[in-house]
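Labels run A, B, C and D following the written order; every chain starts at residue 1.
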Amino acid sequence: MPAMNLGMSDRLRPIHAALVEMIRDEIAPLDDEFLAEVDKGNRWRFTPRQREILEGLKSRARERGLWNLFLTDHPEGAGLSTVEYAWLAEEMGKSHLAPEVFNCNAPDSGNMEVLARYGSPAQQARWLRPLLDGKIRSAYLMTEPDVASSDATNISMSCTRDGDDYLLNGEKWWATGAGDPRCALHVVMVRTAGEEAPKHRRHSMLLVPADSPGIEIVRAMEVYGHDDAPHGHMHLRFTDVRVPAENLLLGEGRGFEIAQGRLGPGRIHHCMRAIGMAEKALDMLCRRALAREAFGRKLAQLGENHDIIARARIRIEQARLLCLKAAWMMDRGDARAAAPWISMIKVEAPRIALEVTDQAVQMFGAQGLSQDTPLARQWTALRTLRLADGPDAVHRRQVARAELKRHAQEPL
Amino acid sequence: MPAMNLGMSDRLRPIHAALVEMIRDEIAPLDDEFLAEVDKGNRWRFTPRQREILEGLKSRARERGLWNLFLTDHPEGAGLSTVEYAWLAEEMGKSHLAPEVFNCNAPDSGNMEVLARYGSPAQQARWLRPLLDGKIRSAYLMTEPDVASSDATNISMSCTRDGDDYLLNGEKWWATGAGDPRCALHVVMVRTAGEEAPKHRRHSMLLVPADSPGIEIVRAMEVYGHDDAPHGHMHLRFTDVRVPAENLLLGEGRGFEIAQGRLGPGRIHHCMRAIGMAEKALDMLCRRALAREAFGRKLAQLGENHDIIARARIRIEQARLLCLKAAWMMDRGDARAAAPWISMIKVEAPRIALEVTDQAVQMFGAQGLSQDTPLARQWTALRTLRLADGPDAVHRRQVARAELKRHAQEPL
Amino acid sequence: MPAMNLGMSDRLRPIHAALVEMIRDEIAPLDDEFLAEVDKGNRWRFTPRQREILEGLKSRARERGLWNLFLTDHPEGAGLSTVEYAWLAEEMGKSHLAPEVFNCNAPDSGNMEVLARYGSPAQQARWLRPLLDGKIRSAYLMTEPDVASSDATNISMSCTRDGDDYLLNGEKWWATGAGDPRCALHVVMVRTAGEEAPKHRRHSMLLVPADSPGIEIVRAMEVYGHDDAPHGHMHLRFTDVRVPAENLLLGEGRGFEIAQGRLGPGRIHHCMRAIGMAEKALDMLCRRALAREAFGRKLAQLGENHDIIARARIRIEQARLLCLKAAWMMDRGDARAAAPWISMIKVEAPRIALEVTDQAVQMFGAQGLSQDTPLARQWTALRTLRLADGPDAVHRRQVARAELKRHAQEPL
Amino acid sequence: MPAMNLGMSDRLRPIHAALVEMIRDEIAPLDDEFLAEVDKGNRWRFTPRQREILEGLKSRARERGLWNLFLTDHPEGAGLSTVEYAWLAEEMGKSHLAPEVFNCNAPDSGNMEVLARYGSPAQQARWLRPLLDGKIRSAYLMTEPDVASSDATNISMSCTRDGDDYLLNGEKWWATGAGDPRCALHVVMVRTAGEEAPKHRRHSMLLVPADSPGIEIVRAMEVYGHDDAPHGHMHLRFTDVRVPAENLLLGEGRGFEIAQGRLGPGRIHHCMRAIGMAEKALDMLCRRALAREAFGRKLAQLGENHDIIARARIRIEQARLLCLKAAWMMDRGDARAAAPWISMIKVEAPRIALEVTDQAVQMFGAQGLSQDTPLARQWTALRTLRLADGPDAVHRRQVARAELKRHAQEPL
C-alpha cells in the first residue's frame, strides 16, 4: 500500500513557493482594484483595466509554468497529484483573482477535465484547446428552477433528436460564469430518455455553444446581494436550441457517469480553496485583535478571543488534513472508496471556513460587514458551497449510508 | 409586585389584530415591488411609485390609529406598555415596509424618544413634531471609523465652542437612513471635554440639520453587498460644521446619559422584530419542506428536518419569552435592573433569528441565496444586529458582571 | 383569555419564602450526610440516621403546610396552580432531600395524581391515603428491557384474566424507587389485548402490591456508576404474579389514556427541578471562579469565563420562562394544546441543566468529577432525563409534527 | 524535510494486525468479567480470577512481542515511531484491559519514559526494570487539593533536605493507580525552592517508594460514582515521609523540565485511545440503530440518525488525522514546535470521543446509562481527560498564544 504522505512533496515545494510569492506580491494586491472596477454602461462587460490586469497576470503565470496546475494525468498539466494540487488550491483561495490567473478556476477546470477525459478529438480541438490556453471561458448547466436538483434524477431539460441535431427546451439557472462575455461553451445536462430507462441512464451531457440561437439570459441571480458581474450566476432559457448530434459527450444516457467523474476533483478544489479562505480570515482576525484596543486592553486579550482563535486553528488544521486525505483517496484511483471522503470534506470545509470568516467579521465590527474587507464577499461565496454540488444533508446521507453498510446484513 | 403578565392584554388584542391584518393584506404584498424599484438615474432617490406606496400606506395606518405605537408614556403614542408594543414589533418584523408605515422605524423611533424625553420645547417643535407626523426622517450618528466604538468612551468627533455656535469636525459612519432624501436631522454624539473630565462626562449629544454646510456624504457602506438604497448606511465627513449652541440636548457632558436612555427600548424593538423575522423564516421553511420532494419523499420527511423544525420552534419560543420579560423589566422603570435583561436579548434574539433564517436558506437550496426570497436580505439585516448597539461580546460581559456581582465580596 | 402571568402570585410568595428558607437552613445542610450514609450490611436499607433525618424533616414540613404542594385541584394539595408549583419545584431541585421532604418526589407524585384522578374510592383508601401521608412509597413500571420503549405501543408485559384475578408475566426495568424498603405499590403498564384491538387500546394500568408473590428483584440498574441505593432503579421479573381484578385502573385498554394524563405534570416538575439544578450549578461555578486564582488572576477574569457565565444565565432564563409557559398552558386545561409545550421543555430543560452542570464541573477541575461536590451526581440524574418519559428525538418529532400541521393540506 | 506519512508503515502493519486480533479474540471478551469481579472483602485487592486473567494475557502478549510498544528510541521498545504507536494506542482504547496487557498503560508508560530518559543507572535498575517487566505498577503525583493545579507553578508539597534525605509533607490527590496493591513507586512533584528561585526552577521530581512510612491513603476519589477499584484515583497525605536524596531525578529545580518532557507523548497516547473509544461507540451506535425498531422503522432510518452518524464519522476522521499529525511533529524532535499540536489534540480528541459516546448512550436508551454497556464507564473516563494534564482552557490559551505570536510585533 502506498504511503499516506499528506505533506508537500519535494517536487511540489518550489512550485508552491513560486505560487505563494506570485499571489502575495503580484496578484492579491490587485484584487481590490479589480473588484472595484465596474463598467458603468454595462455591468456584464470587463473594463479595459480589468482586462489588462487579468491578461497581464495570466501571461506572467503561464511564463512561469504556473498554468493548468489542476490537471492530473495529462500532458498539459504540471504532473501533480491531487494531494499536491490541493496545497496549491489552498493558496489560490486567498485571492479573488488567483484561480483564473493560473487557469484553475471553476467551472472551467471541471469542464476541461470532462473534455480531456470524455471528449472526442474534434470536441477537444474545438473546446479543450482554447480553454487550456485561457482564450475562452465556459459554464456548467445542471440545476433547474423547477425541481429539487439536490436529487439530480429530477433534472428535466428536454432534449429530443431532430435529424442530425438535438433540440433543447427548458430552463437552467445558477450557470456560474455564463455572464462572462468570454463564455463560449455551455456543458449541459439534459434528459434524453423517459421512465422506460433506468433512473441513472436517462440523462446525457451536451456541448452547447454559448451563442446558439434560442438561448436567452433571463437574469442574473444574486447571492446575498452580490451579482458577481461580469462573471455572474445566470438564469437561462432554452427555446428550440439546435445542437449538432456530434456535440454529445460519450453517448446518450451517460450524463450521470460524466457528472460523477466531474464532481470529485472539483469538490476537493473548492474545499481546499475554502481552507485558504479560512486561513486568510484567521490571519485578518489575529491582526485586528492585536491592532485594536477597548476597555484598556488589546482585543486579543479580551474575553473569549483566545478561545475563538484556538478553536479556529484547531478546526482549520483538522479540515485541511481531511481534505488532503480525501485527495489522497482520489489519487488512489478507486472512485467508490473515495466518495464518502469527498462527501465528508464537502460538508466540513465550507462550514469551518464560514465559521472563521464570521468570527473575523465580528472582530472587525461593522467594517467587517462592508465592502472594506474581503470578508463579507468571501462569506457569501462560501455560503453557496453548502448548496453547490449537493447540499450538506445529501452528503451526510451518503456518509451515513457508507457507515451503516459496514454493519448491515441486508441492503439499506 | 405587579403580575408578570407577558401575554397580550385585552387592550392590545384589537390593535394587534388590526395590525396583523393590515400587514398581511396591504403591506407585505407590496414589499417586493417596493424593493425591486430603483431610480435608475440615482439610487438615492425614491421613485414616484415608491413614494406612492409608502405615503398611501402611511395615511391608511394613521387613519386607523396604527401610528407611533412605540411611544410609551406620551400623548402622541397609543398608550401601550413596552410588553404590549413588543407584540406589535414582532409583527412589523415580518414585512420590510411595515415599521415605517406605522412610523415605528429605527432610528427615527429612538430619536423621537430622545426628543420627547430630553428636548426643549423649541427643539420639540422644530424636530419632534414633523417626525411624529412622518414628514421628515432622521439619523443617529455615533460610530466612527477610526476607533473601536464598542467601547463608546472612544468616540472622538471634535466639538468646540465658537461664540454661540459649536464647530464639528470628524467622521461618522454607519449613519443608517442618512442616505434618505427626506432625512433632515442628525442626532450626533460628539466629544466636548478632554481627559480632565470623568470618562462618562466627556461627550454630548447635538441636533444637527442634515443640510448643514460642511457635511459631506463620503460613500454608502454596503452590508454583504446590499447598500439599502435609498435609505443607506452612510459614511459622513464633517468639516467645520457650525451648529447653534441651543441645539445641544440636555447639557454638555450628558451624551452618555442620553445614549443609555435611548438604547434600551430600541434594542427591545430590534429584538422583537428579529423574532418576527425568525417566525417568518420558519413559516417559509415549513411550507417549502411540505412542497418539495426528493428521493421519493417530501423534504419534511427527510433526515433531520423534523429536528431542525423542532429546534427552531423551541428556540424561538424561548427568545420571545426572554424579550417579553426584558420588556416587562423595562416597564417597571428601573433601568439598572433592566440592563442585563436587555443585554441578554440583544445577544440571543439576533442569533436565533440568524440561525433559523440560515436553515430556511438551506431548505430553499440555491434559491434561498438569491433575490427570489426575502431570506438573504433578512439574514444580512440580522447580521448587523450582532454588532449594532454593541457587539455580542460586550453584552455578554455585562451579563456576566451582573451575575458575578451577586457573589463578589469586592468590586469586580 | 386569562392573563399569561408567569411570575409568582401574591398567594405563592409566602409559601415560596418559607420553602426557600427551610431548604436553605434545614434540608440542604443535611444532604451530604444523608448521601454519605450507607448501611454496610445491606445497601437497600436505610440506616437509623437516614430515617431520623428524613422523617424529622418530613414532620416539620408537614407542620408548616409545605406538603403535597404538587397537587393541583385537590383538597389535600395547597391549592396551587401548575405555574405556582413550578416555582417551588425549581427550589426543590437544589437539594437531594427536598422533594421527598415535601412529599413531592417522583414517581410518587405522579402515582398520587393517577390515583386521585382515576382511582376508585377503595383504591384511594388503600393506596392514595398512605401515599398522601408519606407513609409508603411507590414505583411506576413502564419500560421493558426487550423492546424500544420510546414507542410505548411496544410494551408487552403479559396480563391475562384468570377468574377474578389477572396473571402477570414479564420483565420491567428502570423501576425507580422500587429498591426502597418502604415501596409498597407498583403502578404497572401491561398488555391486555392483542393485535385485534386498536393500537392505543391494547394496554391497561394495574395496581400491584410490591410484596406480591412472584415479583423478583433481578438487580439494580446503575446510572454512570451510581445505583442510587436504597432508592434504586430496579430490574424486576414477574412470574405468574396474581392481582385481583379490582386493582385495574379505570378499565381495560385505558392504559395509554392514563399514561398520557400522568406524564404531563410530571415532566414539568422534572424540568423545573432541572432549572433549579442549573441555577445551583451556576451559583457554584461563579463562587469558584471568584475564589480561585491561576496565572495571577481570578478564574472569573480568565479567557471565556465571562462568556460561559453569560451564556448560562441567558439559557437558564429562557428555559425557565419556557417551563412556566408550559405550566401555564397545562393550567388552561387543554391537554392537546399543552402537549407540544411539554415536549419543548422536556427537550430543553435537561439539556441546559446538563450544559451548565458540565461547565461547573470544568470550573472545579478534577474535584468537580468527584464525590466532593453534588455536580457529578446531579449530572447523572439530569442525563437520565434526556431518556426518561421519552427520549429527546421523540419529543422533537412531536414538536415538528405540531408545527407542520399548521401548514399541511393533508394528514402528515 | 521528511515526508508527512500519517498512514501505517509496512513495518507496523503486521504488528497492528496481531494486536487487533489479540484484542478482538482474547482480551475484549474478558473485559466484562474482569470489571464485574470485585473482592467483596476489600475492593482494593484483585481477586484470584482477576489476577489470572491479567497475568495470562500479559504473558501471551509478551510472548508475541506485543510489549512496551510505546517506548520509542529504546532497546526495550518495539522500535516504533510515535505515529506508528499512535495507531496501536487507538486499538488499545477499545478494550479496558488492553493497555495493561501490552504494558502500555498510564501512568506507568509515562513513568517508564521518565526513568528511561532521566533516571540514573541505579534508579533504572531498581524501578525501571520491574516496570518494563510488568512486575510492579507506579503512580504519578502532581495535583494537590488546595491549589489550582492547572497552573502547575502553584504546586506546593513541601520537600526539605535533612541530612542525606528529603522530608516530604503535604497532600496529593488524583494519584491514579495508587490504590493498586502492586503499586510500588510514586513519582512525585515537590517544591524545593522558595520565591527566590525563578518560577519554573522551584520544583523537583522525586522517586518515592509507595510503602514509605508516613504515606496515608486518605480516600479514593470517585469519578461520576466510579472509584475504579482496585486501580483507583487516590487522595494521599504525606507526613514527614523520608526519602534518600539519591531518589531525586535529574537535579533540584528540574521538576518542570521533566514534567514537560513526560506529558507530550502521554497526551498523544491518551488522545489516540480516545479516538479508539469514539470508534467503538460509533460502531455500537450503528449496530443498535440497525437492530431496533420504533414507529415501524429501524432507528437508523429515523429522524436525524443519519446526520448523527455522518457527523460522528466526519469528526472522528479529523481528530485521528490531527492526532497523527501531532505524533508526527513529536517524532521530528522539536518539542517547542510540537507543543501547540499536542495542545490541539488534547482539546479536541476527548471532546469528540465524549460526544460520540453520548450519542451512543442516547441511541441505546436507558440501557446506555447502565452497567450493561461500556458506554457510561467510557464516558466518565473520557470526561476526566478534559481536565487531566491540563484543562481545555489552558491548552486553548497555548494554541492561541502560538497563533498570535506569528503576528505580534512585541511580546504577548
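We take it that contacts are C-beta pairs under 8 Å (C-beta built on N, C-alpha and C of every residue); 3 or more make two chains touch, one makes a residue touch a chain.
Treat the numbers as computed from the prediction; the structure is a model and nothing was measured.
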{"item": "Contact-richer chain pair (by C-beta pairs counted) among B-D and A-B", "value": "A-B"}
{"item": "Homomeric contact subunit C-subunit D: same or different residue positions, threshold half", "value": "same"}
{"item": "Between subunit B and subunit D, centroid-to-centroid distance (C-alpha), Å", "value": "53"}
{"item": "Inter-chain centre distance, subunit A versus subunit B - centres from mean C-alpha coordinates, in Å", "value": "38"}
{"item": "Multi-chain contact sites of subunit A, meaning residues that touch two or more partners", "value": "303-304, 306-307, 393, 396-397"}
{"item": "In the complex, subunit D residues that touch subunit C", "value": "143, 145, 148-151, 154, 173-174, 221-226, 292-295, 299, 302-304, 361-362, 365-372, 376-377, 379-380, 383-384, 386-388, 391-393, 396-397"}
{"item": "Complex contacts: residues of subunit D adjacent to subunit A", "value": "1, 3-9, 282-283, 286-287, 289-290, 300, 305-307, 309-311, 313-314, 317-319, 321-322, 325, 340, 343-344, 347-348, 393, 395-401, 403-404, 406-409, 412"}
{"item": "Footprint of subunit C on subunit A - complex, ascending", "value": "303-304, 306-307"}
